[in-house]
Amino acid sequence: MSSTGQQQVDLVVRTIAQAAVDNEKYFGDLDAVVGDGDFGYSLARGFENVLAGWDDVDRTDIGTFLKKIGMVITARIGGTSGPIWGTAFMRAGMTAGATDTLTGEQVVAMLRAAVEGIKARGQAEVGDKTLLDVLVPVTDRLEAEIAAGSDAAQALAAMAATAQEAAEATADMVARRGRASYTGERSRGSVDAGAMGVAVILGRIDEAWQREGAS
Amino acid sequence: MKKFVNNPQQFVPEMLEGLALANPHSLRYVPEHNLVMRADSPSDDRVSIVQGSGSGHEPAHVMIVGKGMLDAACPGDVFAAPPMNYVYETAKLLASPKGVLLLVNNYTGDRMAFDMGKEMAESEGIKVEILTINDDVAVKDSTYTVGRRGVAGNFFVIKAVGAAAARGDELDEVIRVGKKVNDVTRTMGVALTACTPPAKGSPLFELGDDEIEMGVGIHGEPGRERKKMTNADAIVDELLDAVVTDLPYSSGDQVALMVNGLGGTPISELYILFRRAHQQLAERGITVTRSYVNEYCTSLDMAGASLTLVKLDEEIDALLDAPAEVPIRVF
Amino acid sequence: MKKFVNNPQQFVPEMLEGLALANPHSLRYVPEHNLVMRADSPSDDRVSIVQGSGSGHEPAHVMIVGKGMLDAACPGDVFAAPPMNYVYETAKLLASPKGVLLLVNNYTGDRMAFDMGKEMAESEGIKVEILTINDDVAVKDSTYTVGRRGVAGNFFVIKAVGAAAARGDELDEVIRVGKKVNDVTRTMGVALTACTPPAKGSPLFELGDDEIEMGVGIHGEPGRERKKMTNADAIVDELLDAVVTDLPYSSGDQVALMVNGLGGTPISELYILFRRAHQQLAERGITVTRSYVNEYCTSLDMAGASLTLVKLDEEIDALLDAPAEVPIRVF
Amino acid sequence: MSSTGQQQVDLVVRTIAQAAVDNEKYFGDLDAVVGDGDFGYSLARGFENVLAGWDDVDRTDIGTFLKKIGMVITARIGGTSGPIWGTAFMRAGMTAGATDTLTGEQVVAMLRAAVEGIKARGQAEVGDKTLLDVLVPVTDRLEAEIAAGSDAAQALAAMAATAQEAAEATADMVARRGRASYTGERSRGSVDAGAMGVAVILGRIDEAWQREGAS
């Protein structure tokens, strides 16, 4: 698997931000089912801020860049998503460190760090019906793809497919964390907003990569 | 959606601007951090009391900033906990040598933002503590969940800690008082209609013409169950039974009884609920000695109400009786 | 209909019973005459102030009975003036050597009932006068109609005459003060939705999803025109223009500004309206020195609001500033 | 035209009361168009009281009976209708006086007195779009029927027809009195609630009379 530079990191983060803005209504509707409907609004307002300050983000190295993005998110996004997503970006950045390129293995380590950060911040585990239920299988899948010798584009396509499946599988779970957990058994039957959000965003990254990632 | 709104994204800032214009002498509005504070806070002689939460619950909490209650409210967007930075900036602005008490309703997002904000403030030498409020009995507490939600009962915690702070109590003592009130406060609510968040522009959930949501959350979260609409007395009986048996409150108790409107229910109907609750408590040998009938902690324009009981003793009664001066007033 | 109601015919009595239970020391409820009065009224030293009107406008007027405001409220059924007998019995119960002042919003039914009740009370030697309130500018005054309606502005008349009575003013003087305030008070309202009277069980009128009723009456009477829904600022501008140009209020004036919710609109939105009104008045050189943002005179569960201006001078300002103590309160 | 006794007066008043109770919803809906929707409720609650105390009403003579009915109405009915309808009954009773029978001419005089009472109480005139716009033509019609030698049943049938026409004609008028007057031109196009109420009630009296009036 070839290595990834700042240009690709830019592509991925900008795609995440744009997907969050574009899906404001959809993500909000997902959260309205057993939550309070603000997931889309929160993400959109926060990532609008990321896009607005895009050119000025410190790009000394990939680690610094991701940490700065994490700080904007934490500062600007309210609700549960601000601390959760902010922590994820900051942990990923800390793990990347002062580097200009990332190997596949490094990306796996960054995702694992993000997952650990979210678990600590949210006191959540896999199976609690949160975005972790997509992030963890997606990271596992990336690891498997690397082991199988896939390139980045192949790995991303596989991850996007895994994410979609995993997000849909949250419909069978009972929420044990976050606002949805108050509804107990009634949370069963609908997908988790955060989990589906991650899957949708991964789909967009996959598309963007196939289009521009190799350049 | 038919609401008085301009740009939904400016809903909260415009509301706060209006609030500041209506209270030019007593309040200070800090737009950068979405913050409303007493113009004369912080004071060296007083613990600063701060409440944070999402917006959409007005008058909670921005309209109860004032003497004897909050030194500041740190609201987020509609139904969204404030971002951590607002919490941090608020703690800095309200820093007092006697300390800052952050009151947080028990929701994941709020707790995270306030924990992080607290850590950041502490790293700059500010004395900060958090008190979590969790009065909603609607959903059974269990190790699988994050614990009970904080809802309208937080008014009583605010009033009590506000009074304790006003008389110069130390931070520890203020916290003791606040915990004590939280421990004897229980609430449950019911929705007759869904609310419409301005940014969503449509009702947050669907409720049939003959359905109600029993145990609804103040963000429109589902509650215990969806039921058939019935009359006012039957609804009160169900709410009250859930609340009374939870603590439990028992014969001989003296209580404060709050009937809180959720935003779209006129006060005439709230008094019809109050009447039944008062009567039913009397039947159980529980005496209502303090009465609260109004909107305290709403869910935007939701039609519905919640019932709160607070078990009183002399100490709590005196704190609830203390004077206060806040923007939400009639004359 | 989804409302907290038991028997619609008992809507008003049950509400009043709840009100009495919540205020056991300060209020007396007289079910035979549908009457709520101060427990310590009448007093030989004070003109008794009575407001009558249909119900459905709560907190007006039963919830503003108390020190410094009303000695009694004499409500009818929902939207129906009280029958003459209630007026007569109220006047008898409130009879004071200093006299009884009956405040009446300008509606045919109310004026008839109070004229007849007054005559009957006078025939028994009771000193009674009537003061009519007519602040609604929505519909042009003309010799063909019965004159302007009385709406939310009556709060200011009540507050002023209540303060004058409390300091022991004679009946003539109390009336002078009340007329003076009424003469400088103007209001206009707008409905976003229709209200649902409990006995009717369905909305009083139909409003399309994108329609508003500009100049609506507090009983759901049609107003100036039905218009397309627009944003909050544009609605304020239209209301304000109608109100400002009616008296007219002009540059250099100091005013009280009231944004009154009609029952189904959350207070967050009222502050968004207040913000714009305050700003627009400033542009016209009119200074808001007293602010009122809440529900004062509602139309059951109607979503909507009204704007009221009162031109202030030192005398009126002092009367509005006087203390009062009424059931509608927050703590 | 034959004379009318207490039994017939009872029949007429009880029919009025029963019609008011039966038409609560209809009368309310009529009033909701440009009024406040309480006309049906007010009349129904007031006339329920009349029916509840029916057997105990003082029947010393017809005048006393009608005055007592008027007092119950005034005491119990709120809104505009209480004073208006109460006044009408009281004036009619005063005009009837201490008598056990009524001639057609006396009934005309009673109706004229009721009309004058309503005009004074409501400061209203014919053409203002109120119940007067039915009551006055109905009284004229009764006078004409008597002159033409009709009996009571014929007269009542004619009055009911006139009332229906007159009530419908109020749709073309602009309200100048009462709550509807605030709407000015917008009050045109719908019938006046009070006027239609009188017409409906007269229809019921007509029916009842044909059924039981002769007995």
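List of remarks:
Labels for the chains are A, B, C and D, by order of writing; each one numbers its residues from 1.
Here is the rule we use: contacts are C-beta pairs under 8 Å (C-beta built on N, C-alpha and C of every residue); 3 or more make two chains touch, one makes a residue touch a chain.
Computed from a prediction, not measured in an experiment: that's the story for all the values here.
Separation between the centroids of chain A and chain C, computed from CA atoms only, is 55 Å. Averaged C-alpha coordinates give centres for chain C and chain D that are 33 Å from one another.
Centre to centre, using the average C-alpha position, chain A and chain D are separated by 75 Å. Rounded to a whole number, the gap between the C-alpha centres of chain B and chain C is 29 angstrom. Contacts between chains trace an open chain of neighbours here, each touching only the next in line.
Interfaces, counted as pairs of touching chains, are A-B, B-C, C-D. Across the interface of their complex, chain B is touched by residues 28, 32-38, 41-42, 45, 74-84, 86, 121-123, 176-184, 186 of chain A. Listed in rising order, the residues of chain C touching chain B in the complex are 2-6, 11, 14-19, 21-23, 55-56, 58-59, 63-64, 69, 159, 192-193, 209-210, 212, 229, 231-233, 235, 263-276, 278-279, 288, 291-296, 298, 300-301, 303, 305, 320, 324, 326-331. Note for the complex: chain B touches chain A at residues 9, 54, 76-85, 107-109, 112-113, 116, 138-140, 144-146, 149, 197, 199-200, 204-205, 217, 219-223.
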